[in-house]
């Protein structure tokens, strides 16, 4: 068991210990212990329904929003538990941002979408806000395409642009971590490629946890990969190791495409 | 199979369908008939004088109705929308929510004259508003409250869940999410519901019979919210039952005006709802 | 605004929102309480039998008589007559719209029924008083142009939209698979409707009828204007062609002239209490039936 789940080198950003998630009586995530390294991309792969998304939603406590969901075990962000009694959940969610599977921009202008997060925390000055919006859109590799359309509705952008807008929106609150739940599954190959390029660039500054059912994507962009099956973390290690010489038979079967 | 002879089940079906057509006609024709009759008999009595003169005209009643429904909406809207927000965004399933829903179902079914009694007992007497615009508006607000709540709740539920999730994931609190994302997008539907409530309030007579309405030729306009008012439906009622000297065509014209106002508001609401459904882009 | 102040402001807002939600319960309880409070004195003053079964309602006589039987029967007659007309017509129309009418006709019918629902009750009363009543009285050779059956007729027009819309929802909610299975077995369209669809929509239809009943009992202005307001006990079928007075009309007609907190006042509140309880029962039953309909559709 010790070799199948390794501890990455360097600084650890998020660590879970025996984390389990229940929806009612159903145990979606079973006692997962994993250490996610800082400023790297960690990919979580596995067949659909195996608990990867449920696990991800624990890391920013979005599961709190779901009726009947409950979790056990510990989640540590920079060494501190995120379930502490006096912890401000809203603050947590700014530090640990999330990009969802299908792009969901607000029915507002491009500008207002990106400005939404910063405005939550009080009214920033006009200039400061303009700066933040431009910075975030540049970081999401979207600025050049929308700089003349800031006041237009975000719903008029293409699918790929909308997803990058959602990324910009998250970047505007200046998180440490980006949780990405199958961010390109609804996009065409060109748009997917651009998102992947963006991820690699963002990893220089942010810790990224990527859930994907696309193994090739995982092998392309991530440093570490974890394989989930039926709610359990089967194996976790360097991406090259997972794909080229997996320890567990089930991992081997999955990456060779024998099921899933 | 002989082509001539209609067999048992098919004959039954033919008869049954015929009866259904007749039933539907029996429902639809009266509606059209009513409208036709009202237009025919009422149009003759309509004149600018009728609409806008004070002594023999409808102006005081129209003004009274406008004041009444405006105040009603002002009272019912915040209360109703807030309750809808509670039910849609905050409430967790449990005995309290069930109790609230049962209460709403019952409030919706209370006879209008019982609302009048309650309005008399509470607003006119105990709270000492007296027979007044205020008492009438409070009573009507209570009457339309279930309508406002159900229309607003439906509008709120139409806002997709993922928008709320996106907002929460950015670190917004639930109230910030409601105020910044959910309410603005539900607003058109909420307004539609308010217009329908206003239309309903404009046509009600029983709740204002003992709480607000009167019939006066000398002081037709209310001086304050604590004064009694004339109102269109009450005006029609008095004209029809107690005023033999009023010419028939004036009575019909009054009825026509009331129907036009109420149906007109309904139409606005329906068109608004249809337009919004098409304009929605999520 | 700093974090602390924002959070306490939000706490206040959330409490207010919850209070608004709870208001509904508060008001139902309040209505019942006020009715009870203002009705109780008459129950203490007169024996229950005299009130509920007494045959004379003459509040202005000396001594005043508060027998509610004529009013109870008046409401019964008018409501029963209304349902007798409204239930078959309403159900038939609902079935027609939901299952038989061609789509374009559906689009015309539904708004027409909604239109009927939107017409104010005082207008129905007006029409009955000035148009339908005199015409019917001439045709049937009646001495007075205001009578119970006229009330039933106008009430039926008002109850039909309720029955149609709730029944229609119930019928539409019946799963396609049920219909398809029936047709696949060789049943005709009508056989499918009458033997499968309508029985499956049973609970919803019951709810529709109950809601229509509640509507009819609670209607005030229409009956006030067309039933004649004579508090006499209706007898037999003839009773339909004579004036009656309903509970609702009594309150509406007499409360305006009644002094605060007299016996008459209390007696009228007692009638209101009865009305409240009756509609409370019909609405709760209808809600239960709809709950069952919802479960059956799953």
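Letters A, B and C mark the chains in the order given here, with residues in each chain numbered from 1 onward.
Here is the rule we use: contacts are C-beta pairs under 8 Å (C-beta built on N, C-alpha and C of every residue); 3 or more make two chains touch, one makes a residue touch a chain.
Quick caveat: nothing in here was measured; it's all calculated off a predicted structure.
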Greatest separation from chain C - chain, by CA centre
A
If you average all the Cα positions, which chain's own average lands nearest?
B
Find the two chains joined by the most C-beta pairs in contact, please.
B-C
Just how far, in Å, is the C-alpha centre of chain B from the one of chain A?
48
Using the average of all C-alpha atoms in each chain as its centre, how far is it in Å between chain A and chain C?
56
Just curious, how far off is chain C from chain B if you go by their C-alpha centres, in Å?
17
Per-residue overlap in chain B, given as positions that touch at least 2 other chains:
173, 176
Which residues of chain C touch chain B in their complex?
10, 13-14, 16-18, 20-25, 27-28, 30-31, 34-35, 37-38, 88-90, 92-93, 95-97, 100-101, 109, 111-116, 118-123, 125-127, 129-131, 157, 160, 164, 187-191, 194, 211, 214-215, 217-221, 225, 248, 251-252, 255-256, 260, 268-269, 272, 275-276, 279-280, 282-284, 286-287
Please give the residue numbers of chain A that touch chain B in the complex, ascending.
60, 62, 65, 67, 90-94, 97-98, 100, 102, 104-107, 116-117, 120, 153, 155, 166, 169-170, 173
Residues of chain B touching chain A in the complex
92-93, 160, 162-163, 165-173, 176, 180-181, 185, 281-282
Going by the contact rule set out above, which residues of chain B touch chain C in the complex?
9-10, 12-13, 16-17, 19-21, 23-24, 26-28, 30-32, 34-35, 37, 78-80, 82-83, 85-87, 90-91, 96, 99-100, 102-118, 120-122, 125, 142, 145-146, 149, 173-176, 199, 202-206, 209-210, 233-234, 236-237, 240-241, 248, 251-252, 255, 258-259, 262-263, 266, 270
